[in-house]
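When the chains are written out, they are named A, B and C in that same order, and each has its own residue count from 1.
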Amino acid sequence: MNSFILQTFNGISYAALLFLLASGFTLTFGLMRIVNMAHGAYYLFGGYVGLTVAKLTGNFGLALLAGGVAAMLLGYVCDRTVIRRVGDDHLAQVLITVGIAYIVGDVSLKIWGGDAQKLPLPLFLRGVIELPGGIVYPLFRIFLTAIGIAVGVLLWLIYRRTQIGAAIRAGVDDREMVSATGIHVDRLFVIISALASFLAGVSGVLGGAFLTVFPGAEWEILVFALVVVIVGGLGSLEGAMIGALIVGLLDAYGRWLAPELSYFVLFGPMAVLLLFRPRGLFGSANMT
Amino acid sequence: MADLALSIQQVSKVFGGIRAVDAVSLEVTQGERRVMIGPNGAGKTTLFHCVSGAHQATAGAIRLFGEDITQLAEHERTLKGMGRTFQISSVFVDLTAMENVQLAVLGVRPTKWSPWRSVEHQPGISERALEKLELVGLAGKANVSVKQMSYGERRQLELALALVNEPKLLLLDEPCAGLSPAERQRLFKLIQNLPRSLTMLMIEHDMDVALGLADRITVLHRGQVILEGSVDEVRVNPQVREVYFGQV
Amino acid sequence: MTQRRKILIVVLLAAALTWPFIGGQYGTSLMTQIFIFGMLALSADLLLGHAGLFSLCHAAFFSVAAYTTAILQVRYQVPTALAAPAGILMGTSLGLLFGLSVRTRGVYFILVTLAMGYVIWGIGYRWASFTGGDSGVTNVPAPSIGGFTLSTMLEYYYFVLAVLLLVMFVYHRLIRSPFGLALRGIKSGEARMRSLGFSPPRHLYTAFIVSSFMASLAGVLYAYFNKFVNPVSASLHVSFEAVLMALVGGTATILGPFIGAGIILGLRNWVSSFFELHLAVMGLVFIIVVTWAPDGVIGLLKRFIDRRKAGADHG
């Protein structure tokens, strides 16, 4: 029973990480119809920058910020120079952003080397906490979960309770309509893009602290994030939350019960979904 | 009592909270030419979608030559002898005119699965396709990509696609929309000269075309049938004048 | 077939037949690789260029077929006559399963196939007890049927070439057939196809299976060529590259994927000899091709020829 609770917590904390990455991806697609495969690369780059900052300054908060900002800047540059040019063509978007991811991945390899590196944690985040029932759990994972929930709540409030959120939701439903209402669509796009890549960078730093940063991490985490949005539905914030939870938990249980086939648990929910509801739990029918 | 080609009984289509089609009943006898008119948003195209199967009706029943087709998928209804054109040109832009019609010919035949012999060498396919292209006056453009064809030519192609398999019921959705007066005349003559054995249900905005082709007219407004009658009856009806002509 | 086409085919065939004597050992090996990966790219292009479906899981079929054949030959001493078809069967069976993905379209299809492909990679990597994990399956013996063994690079080259010509011939018939036209119709207007009497999901599922068959065939050829199979063969990278090859050469053509394979593999070989960042270079190629030459080499050639024709007509 203890193992089960332990794995559940593992699943939830991983879900928090996945949500941070997937939420940006799903909103970017929902609003701008852009599929950004470089999202994993933003994660990686943010993680590496955060790693360097953490090693130099010993300040974790600074590392988080640096990682987020670095990813945000990278995202902005990529967006303005290259991604904007291809418009709605999803094939082109995928290929171009994969190209960007390759470049970022390779350059990162050159700069930071090929070893898996763990982000040094500040003292107050190291160690374990004792939970009722005698379960001992890493403090950092709880911290991660807390951040995930906090960001989730914040995003949800903005999405559902503010005017900007209403504009975003309207935009997800009908882009042309939004520009007709006079809201500055371009500015909205820039904000969402920036937010998405910032979150990607931050999640890179957080991931780097307990999963390590390593070449290839950008694809591993991206695929998980993609399954999250497939299950949850592209363009849906709630979908990203529920999807992340499902994927996180299944991954944890899978690793615990059948480690050699654990990747297979990713396929399960996808297959079920494909059979009964191809657009995901909360996806809208007209998303292509 | 002549056989009914199409029987629409209490068909409704609801989107979210909107009743696009509201308990519409309609009967078209074999060989009849029925025209549906009504202002924009009246639900005419949505009704068409329900009949052709592009949409599933929320309620009601549809019978084609006595057979209940309400639960059939779109492609199955085509196989039962239904042909349709679309209001917005929906021909295959990346293909040639000939390829477009070839697809239409193949659509109702098991040959569409044939993986070996090229389309040109399949017996009967290209001949039928060329025949229909000639009928609509596009034989000269058979190998031209649709991308390079004018809107009028695409509408002609649209008609060829619907006719090539000799459907028993033809649904025409504003076939003359967006055409120049000369093109309109041409298409009008083409439709007028179609065999009388072909039952037609047509949506049309152009009153000249509608009145010229129709045996009977059904008037739709806000998803409901407000009047059905002969051309003369409809022409003088005050409600129709208000709802429809008043829009001009 | 036009005169020009016939000449082209003869020239290419002559070049392919004489290549080993021009390119030597290294060139023969490289060209065999180009044939194999070109075939993989062609399998992906059946879906991409004709049906309009951008699949990112083809490495999975390729890899599963390769692993199956390799494991059967190495671990269970199964002869080639059984191991090779078994590999193709396994890969194609996976295609039957992954074909579920045609219930989605557009972006979802891309994401679903990407994830599916990754899952196979993950299984290849994690299920170390069966697949050998990172080290993979090594020492795949030379293929041998009857008493005849293809033991040299040269013999294998001609074998692969023969298979390739057969595949290209069948593929050519397929895309010019009603089935092929139906795929292009679906790509051009799926809704319209339904109203014409087609059931697009059925056609797409069938195309997907054919495509997985081709990819599996390439995988089996790869196992014997490389003499070892590891999870890299199932990686996202291989799937991305297959699509890139089709694009670089020209989609919806038969030669395009092979031209693309030649360019990509040639480029990689050339670049990695003096430059470490070859993935970054590949990334750059992605960006350049998509931005400036989306029709690939064949598209560029066509445009060039058309322009000259137009010039000649006016001159």
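Just so it is clear, a residue touches a chain if its C-beta (ideal position, glycine included) is under 8 Å from a C-beta of that chain, and two chains touch if they have at least 3 such contacts.
Just so it is clear, the model here is predicted, and its values are computed rather than measured.
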item: Chain with minimal offset from the mean of all protein Cα atoms; value: C
item: Chain whose mean Cα position lies farthest from chain C; value: B
item: Most extensive contact between chains (C-beta pair count); value: A-C
item: Separation of chain B from chain C, taking each centre as the mean of its C-alpha atoms, in whole Å; value: 43
item: Between chain B and chain A, distance of the C-alpha-averaged centres to the nearest whole Å; value: 48
item: Distance from the mean Cα position of chain C to that of chain A, given in whole angstrom; value: 32
item: Chain B partner contacts - residues on chain C that touch it in the complex; value: 173-174, 176-182, 184-185, 187-189, 191-199, 203, 206
item: Chain B to chain C touching residues, read off their complex; value: 52-54, 73-75, 78-79, 84, 86, 90-95, 99, 102-104, 106-108, 111-119, 122, 125, 161, 165
item: Chain C-touching residues of chain A, taken from the complex the two chains share; value: 29, 35, 82, 85-86, 90-92, 94-96, 98-103, 105-107, 110, 219, 223, 226-227, 229-230, 234, 259-264, 266-267, 270-271, 274-275, 278-280, 283, 287-288
item: Residue ranges of chain C in contact with chain A within the complex; value: 48, 54, 100-101, 103-108, 110-112, 114-116, 118-119, 121-123, 125-130, 236, 240, 243-244, 247, 276-280, 282-287, 289-291, 294
